[in-house]
């Protein structure tokens, strides 16, 4: 066992972090919010070019040839930069046996992901080329639904939402087994995004706590602030370990070194603890910033809202709890 | 310990209820989301109705045009108006609950004659210019400077969290008149007309998407010396007087609205499909809703204790801090369970499905609840207050 | 409305507090633990003489002639002093139409209180003159059961416990309505005891925090300690208000000024919040004392354990949650 | 990031598992509750078995008689022994995991030759004399004085939380040799034989009813100068070396035992009648158990991260503090839900009904969990460590 990231893994993560730090900042996020469906197509292609959507695809198929262990590192960085867009759906589509897969992998296409629902809430609809629809019985690939009513005020300004009474049936691309597999992968990637969001939130709050002075002292000196951030960071560290372990286990299961059920269980664990870590950290970030944390201007609320959005997607923590309960 | 009402209190409640039943159906439609001109018109219109019916300044002394209600009667007033779905005090908050009472207590006869009647009639809207960006929780470290120039103060600086500033006529303003004195000793409380040159108001958007608050930039604003309330450099004490009007009722409307929200959430839970039954059949969700109900009810009992204490001793003591700490925690948990029940419907702050006009409330409230541990003294400051003043633990200084 | 205690109520509470402060201290509690069933019969009679068990009985019947509002004040003081013994059962028995009532009221008799259970856990058995057995269908007064096996190590050293396979049927003294009434009263009194325990715990911890020096400072100066105690105190204040309000409502209901169901609901509310306050406060007391808080020597653990015992009695917080859920 | 085992690790696990299967059935019965003489005999007997099988000092270097296991192998060792229900290290904790490694790192050749072999064989039990009543979290403020008198130190003072002192042969003792130096600079690390005159041991009872710990009163105890480990006045550094042996494995047995307890609790919940079904059918209880399972599993992943980090960098960094904070919170909640499920059965720490021998465990563990946020650095100290060392927030001094 050696659960520390390898040099290659560190390099992969560092490179992406650097790219995103240069490419996406406070203003860029706000600019993307104004684009149709809040997707920056140029950025999408750049991400595709870097292999973000094809991390786990074999090199023979034009992929990066790595595993879910590396995918968690990549999605952690995407979360940390709060990159808007249907990241999970596009990643999942790239791995399917469908025509669209190659363009999804390349970042040419955007693919949404939505559980069936009555009504259904579809994210990023105006920017979607296709929509993966998942329910217990199977997976379908559909045209973006027409007749959807956009929501005036989505919870997350970076996640526009439209409401549809009934999702199009689409073309079936897999049965219940594929649905379970996609849920598992979606759960892992969402958890990784949340670890990234939580990391960014604690970093932002720590930066503020190190410079904001109140009552003649830097507020990070006050135990009330220091301990709030320490508690948040504890949850982030635990969640990061769980997410990365789950990524490794999925790869081990794919290679036959591990039971598939054990790997799924590891993903359920990761999903649950990442959700809690994101909640704790993004809340703490707002609290540490005081009144300014409650404004639209700071990015603090974007982290919190995205974390809340991710909890309601395919492979939600609620699903994970049910699955884990069934395994106990 | 008596919770029952006196005959006078019962009569007050009956009369008020009757008036609300007659009056509310005649009100204009509610103003659109985040339209502050419309909101001003709506709120001051309501204040005018209250004035005409004798309910304006319900807790103000009679000699200044108020109703002179006891704290118990004020509680009844808040309870009945909330129960009937009457408008909130809204834009008239600062004028009727802060500035007015301060001028009653500390103002000159001229100030009282000039400012109090229009407040009661709903003619004037006030805003509060206390907070500053650098000051934050350490309010007394405010830096906005006022330099005496003949019969005027020349005021320069920046305020923040000025609610309704864009529609206000006057501002209760704290400024530093003596930069060399210890921080609590060089502050003055001023009445600033909002139409003076040099005032720039920039609305701020909060994370709920609303613009109730503004930043206010003051550039050599000339305020007449006669606008000082209390004495020069005595403004910190005057500000504390303002806060001291709290009779345990500050959060009554909030708390009652939360109880209503919870009842609504229970209804939603009973209708929401969940794991083969309804969300209400999930013992985890049900227990959490029950717990929140118990906490809100217990906080209602605490409110009655605080109000009774204020009636006897003139102030609820640190009861307000105790309430706030308990309440914000409950409200945060209520927001969590609400989003859990709503599932994907949480993605929208408005509800284009028309299935429930209340979704808006619940998602909005989840976000709004984040302000409860920040505004009007962070939870950390409140814990210091409870630890030091109630338990007698030493200050960390 | 005037929810502040009257001068008479303050005097009642102060007198009892003074008596208990003189009569029961750290050593006295340990001495009582060694007595059969952990009941001090002399103390019991003294409490009876002060009207502790007959607060709500009419003066014509030799009672104090007050209400449950006052009973909550009395039981808060009993909790604060961590008085051992079957306080709630004896109080309830004094109000029943049974032969034993008068001697229970006088503190001559001790009466236990136990829900039916398989097996049943009976508290203070060796000291009991009688046992009230409560289930949904009714209330019975029984002889203390024979053949019970005493537990070597009870959770609370001041609450000896014996296990019986089957409780004796006893003599029926009331139906389901009485059972509900007794549950309600028991719940209120247990909640009041817990508010008292919580108060004592915060006071003890505050005293320690004001004198213990670490890193050159009195530890009460550290926000970590100050805020922990502030949070505990907040819950205690809220719970106290809820308990006293519930007492007043029960009295109002008895006088026809209030619906009985509303008063019961107020008791359920009080039961739930008092349990949580006691948990928070007694835990904080141990934590603030550090290692010494974890010893047998300090009283900190007695508060915590008693609070845990009270949560498992007739009229438990679990019952209160169910009842409140049914009313929502 | 590799969780799979190397062939060497797999072989180590196989071999160990085989040995445990053969050996455990031959162990004597467990000692009675709180009988420390019996417990010493039991624990040292187990240490002797380990020694004979080559598993003693599993992480000690080979040249000092240990097995020289990697941190991964140590993890396997702890995992397999816990899985098989083998005895815990118990009374041999201080000797094999603290004192021994310290003497290896800082002792003289003579000290190594004299003290290490009997530790490995289970002949000697050690205790730790670090904590003092007044020092508490501020360990370095210890006051026990050692005054040089010829070839001896004359030591007077009081220690506390000395585990197994009543059955120990030696004590690793921190004393103040220079009262005038800054608090971290005047401390010396001494080996104290427990049979010297002037040592009085008074067992303390913890709130679980056990007497694992003692107070130790030292009255002019004469300790030979040759018993200094490291240099005089360099004891704080030596003590830090002792703590530095942590390879991320400190809480492995605890964590694994908690996972077993949780699995057992799930079984109890599935059998406990509850609101017309079982406690497991209560979604609130079930979700809480699931949450705890998830947290323990995630903490297991963190443990692997810490162990890997220690293997690479020699230390898990502040990973231990991170683990401890996460773990104690989980354990407290586990105790709460356990008592909720047990209902009135919680009233007993032992179980005379014979229905479940495990009730004892669960009630006992609920109480024991209270120590997790206190012992070996309170949660407050751990939060300072995480806030300052991991996040880089400023010290509050």
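For this structure, a couple of remarks:
We call the chains A, B, C and D, going by the order they appear; numbering starts again at 1 in every chain.
As a working rule, a contact is a pair of C-beta atoms (placed from the backbone, for glycine too) under 8 Å apart; a residue touches a chain by one contact, two chains touch by 3 or more.
It should be emphasised that the depicted structure is a prediction, and the values quoted were computed from it without experimental measurement.
Farthest chain from chain D, judged by C-alpha centroids: B. The interface with the greater number of C-beta contacts, when A-D is set against A-B, is A-D. The mean-CA centres of chain A and chain D are about 39 angstrom from one another, to the nearest whole unit.
Put simply, the C-alpha centre of chain C and that of chain D have 38 angstrom between them. In whole angstrom, the spacing between the mean C-alpha positions of chain B and chain D is 53. Residue positions of chain A touching 2 or more other chains: 222-225, 227. With touch defined as above, residues shared between interfaces to two or more other chains in chain D number as follows: 275, 286-287, 380, 383.
Of all residues in chain A, those touching chain B in their complex are 115, 117, 119-121, 123, 149-156, 159, 161, 163, 212, 214-215, 222, 224-225, 279, 283, 286-287, 290-297, 300-301, 304-305, 308-309, 311-312, 318, 322. On chain D, the positions that touch chain A within their shared complex are 1-6, 9, 72, 75, 263, 266, 286-287, 289-291, 293-295, 297-299, 301-302, 304-305, 307-309, 311-312, 319, 322, 325-326, 380, 382-384, 386-388, 390-396. Taken in their complex, chain D has these residues touching chain B: 275, 282-288. Contacts from chain D toward chain C in the complex involve residues 131, 133, 136-138, 160-161, 204-207, 209, 275, 336, 339-340, 343-350, 352-353, 355, 363, 366-367, 370-371, 373-375, 378-380, 383, 397.
On the side of chain A, the complex with chain C involves touching residues 222-224, 227.
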